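After this come two complexes, each holding chain A, first together with chain B and then together with chain C.
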Partner chain A sequence: MATAQEMIDSLESFAQSCKENERLTAMIRDWNRVLHIEASDLAMVNTLVTDGGIVTTEPGAIGNADMVIHADSDILTQVFYGEVSPNEPYNDGTLRIKGAEEDIVRLDFVIAMLWD
Partner chain B sequence: MRNVVSVSLGARSGDFVREAELDGELFTLSREGTDGDAAVARDRIIALDGKVDAIGLGGIDIYLYVGSQQLIIGDGKRLAEAAVITPVLDGSGLKNTLERSVVDDLVQSGRVQSNSKILMVSALDRFGMAEAFVKHGCNCVFGDLIFNIGLDFALTKLSEIEELAGKYKKRLLTTPFHLLYPTGAAQEKKAANPLYARYYQDADIIAGDAHLILRHMPERIDGKGIVTNTTRAQSMKMFEEAGAAWVMTTTPNLNGVSGGTNLMEAAIVTLIGKPVTEIKTDDYTYFINRLGWHGSLTDFGNR
Partner chain C sequence: MGLDEPQLKRSIGLRTVVSTSAGLTFASSTFLVVVQVACYLAGDSAWIAIAIAGALCALAAAAFSELNGMWPSVNGLRLYIHRAFGEKVSLIVALTYMTVVTFVVGTEAYVLSHVLTAAVPSIAPPWWIFLMLSVATGFNYRGLKAAGAFQDILTYSVVASIVIMSVLALAHTHFQIPRPVSPGGIGPIFQAVGVAIFLFVGFEWVTPLADEVKSPKAIPIGMFIALGLLVVSYSLITTAMFDGGVGRVALYGTGHTREAIPHIVFASTIFGPVGRWVMIVTSLCMSLTTFNAGLIGVSRFIYGMARDQVLPKGLANISFKYNTPDRATFLVYAIALAVSAIVYLTQRFVLLVNLAAATESFVYAFAAAAVVALRLKDGARNRPYKMWGGIVLPAITGLLFAILAVGVFAQNGIENWGSGLVLIVVALVWWVYIEFFILPKLARIRAENAAKRQSRRPKPVS
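Moving on, here comes the complex of A and B:
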């Protein structure tokens, strides 16, 4: 189980890495979404916003979510540090999403471009 | 009589049975869709294993060849492994050979020129065709991010496709295939995003997977050429009514349908007569030439 701070660190690292990647920023400039990231074992929600190619993160559930990602904190930190593709836990049911399946493919693409 | 069956994750509405003579041998070539149900496809492959000469696997790939990289689609590989006696082919060998030569033929006929603007809706699954267009100096837009992932960003270089292949090499082993490519009824569903219509409109020629082209095709594509595979009467009608000038299908016409590359590759493999693991590109090329396969052109006269 990750700590709350580790959860926040993984999202901030993800957002920062997106910002530093100009090409990725251009690729996702039209993918504007609000994502709520729910860590089931921490009873914690964080928000990830993609807007005009810029990715930011904030604590708490901010705004209306286009997609809710729900998993335990270990899985979520691994996903946002690029250690695991979100498709894998999504496939075996340990990561659940509410929202369009297409968005999990886009999120996976962003992670692939950043970390792989 | 040789019996070759394509088991496809595509819609059953595209099913057919044809007889054809290839290299002096009579063949029954059939296609059985499973409406996207992988369990049904698996059961059908098991039922056919050892009873037919070769099995094609349609609507999903097993291998993608991108430059020097071989990518494995996990879902496709697992389906193919349902057969233990009969070889299962996904068409990747033909894509890497026949589809290149079809582009060469189009250049020779003048339909493709060195400055032609090409939209390949997806190049990761047809890198051979992409390389052929680039070799002839065409200006290519590869729509992998646009039409497969839904991000409005055009790739224009083969090296970008190779980079994408590298990024996805591990992921393709575990990603559910339906997330990346429409299967079953989703193949018939239009999903044309008006934002992406400009990619079709800017191109002289639209190339790649027929389902993907049709799924994202805007209402009008007047005067455009199409280079694709697996066309049926219905898809040809859709291209004609949208104003396409011509359609080149990369596999030969079998009395009104062009079989998928998987079906035709499965047929060729029975002629090559080697274990699949020993078959080389030259074997495909030899039989493509011997059978005189050069794709199949339909000119609608729309300009």
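Moving on, here comes the complex of A and C:
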């Protein structure tokens, strides 16, 4: 199980990775969304916000989410640090993403641009 | 709900779940099936086969509800079968199913082309096929789809149109239904139920909405209501078509030449030009939902499979402008066009309808079998919705659907055994592809990715 601080660090690392990728920033400029990241074993929620191509992270559940990503803290930190592809936990049901299908496709594309 | 609990902005109510579930099953080609079902049976008993098929599909809905409650995911069936029977089986079943769905889109384009030629006779069916598939693909490529309120209007208008036309047609004959409970024996009922499953194909495609609904119970309740609506609608229209005085030959055609648009023949004969136009518009709405679900569903599936390296990676390309999987979308377009052309040249649309009915029965059999397997393997997992009947009812459900599917193939005629042959060939091709190419490749790629993936995790300070 990851710690709460590791969760926050992994999200900040993810936000930084997005910021460093110019093509990705251009790609998500019109995709303004609120994502809640829910670590089931920590009873903890963090928020990722995409606004004008910039990705930021906040502790806690800020506002109403467009998407909710739910998994245990180990999987979430591994995914946000880029250590594992989210596809495998998603395909075997250990990582869940709630939200509209078009947003799930867009998030998948963000991940693909960052790490694949 | 506490401050720190996630809440989604968008959510869907029961009305839209019902309209989506029912709407996904509507297709112009369903009228071919109601005629086929009626012709298996003596008297005016088609409603019996339709009701039995609907009841069986309700059991399948219960199985899907249990599985979907455990893993609400857009991956749906593939995920459930993966958890129950492993990756290989899940890939073969999902790829075979999606191939057949693409065939259905091609068949639907063929039937709709004849409907539109009835509206504008100067334009031949091949041009309509090309036009309809091109327009539907264009919408799919642009990321436009029927959703929410539009889906509600579309589905409930279709239901209203079918019910009203049926009641008016039955009123023509003063509601005289000569032999409503004389099906002619168990054998004909069994054959008719096997094909009638086609009328409900796709009702379970609503399960990916699980993550967008206001209440998790809306999915199972919505599926059950949708099945009830479909049973009533199809029972009424079948009875009206065969009791309205149109004549079996006009609706069915002959053994060699099947009538592709019996619903237009029915509406024209009973209601004249007004009825013909109402039915043309109804048919167009029904096909719209098929194109919407089929093209979008299959293209997203191909995209997902390509992302997972099961299909060629080039198919995972996303349009920069529209944020849609462009290559997957155009591949589905090309396959659907090719299927429509083959159907147009061979006139074997009934074979593909039988193929779809039997494949769907196999899919429901797999879903029920997955419920049994997961109860044995993973019985402790929380199930927000649980199918009743322990493991006995899901097991019986799976067995019944498997028998129905085999029953469709086991009848005389190339339209029946031919459909079995096509399914075996498709499944075999995917099995060879998965067993000998993809599984070894996936094992290698996963090992390589794990080795080369660069973590951004800070190194611990020693």
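Definition applied: the second predicted complex is superposed on the first by the 115 of 116 C-alpha atoms of A that agree within 3 Å, B and C clash if a C-alpha of one lies under 4 Å from a C-alpha of the other, contacts with A are read in each partner's own complex, and residues count from 1 in each chain.
By our rule, contacts are C-beta pairs under 8 Å (C-beta built on N, C-alpha and C of every residue); 3 or more make two chains touch, one makes a residue touch a chain.
Since this is a predicted model, take the numbers as computed values, not measurements.
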| item | value |
| --- | --- |
| Overlay on chain A: chain C relative to chain B, clash or fit | clash |
| Partner chain in contact with A:Ser85 - chain B first, chain C second, else both or neither | both |
| Touched partner set for A:Asp66, first chain B, second chain C, both or neither | second |
| Which superposed partner A:Ile97 touches (first chain B, second chain C, both, neither) | second |
| Touching partner for A:Val49 - first (chain B), second (chain C), both, neither | neither |
| First, second, both or neither for A:Met27, with chain B first and chain C second | both |
| Which of chain B and chain C A:Ile8 touches, first, second, both or neither | neither |
| Contact breadth on chain A, by residue count: chain C or chain B | C |
| Touching partner for A:Asp108 - first (chain B), second (chain C), both, neither | both |
| Superposed model, chain B segment overlapping chain C, candidates 97-105, 133-141 or 151-159 | 151-159 |
| Chain A residues contacted in one complex by chain B, in the other by chain C | 27, 31, 85, 87-88, 90-91, 101-102, 104-106, 108-109, 112 |
| Residues on chain B engaged by chain A in the complex (per definition of touch) | 145, 149-153, 166-168, 170-171, 174-176, 179-180, 195 |
| Contacting residues of chain A [partner chain B, same complex] | 26-31, 85, 87-88, 90-91, 101-102, 104-106, 108-109, 112-113, 116 |
| Partner chain A, residues of chain C touching it in the complex | 3-10, 70-75, 78-79, 82-83, 143, 208, 211-212, 300, 303, 307-308, 316, 318, 320, 323-325, 446, 449-450, 453-458 |
| In the complex with chain C, residue positions of chain A that touch it | 9-10, 13, 16-17, 27, 31, 34, 36, 38, 44-45, 60-61, 64-68, 70, 77, 81-85, 87-88, 90-93, 96-102, 104-106, 108-109, 112, 115 |
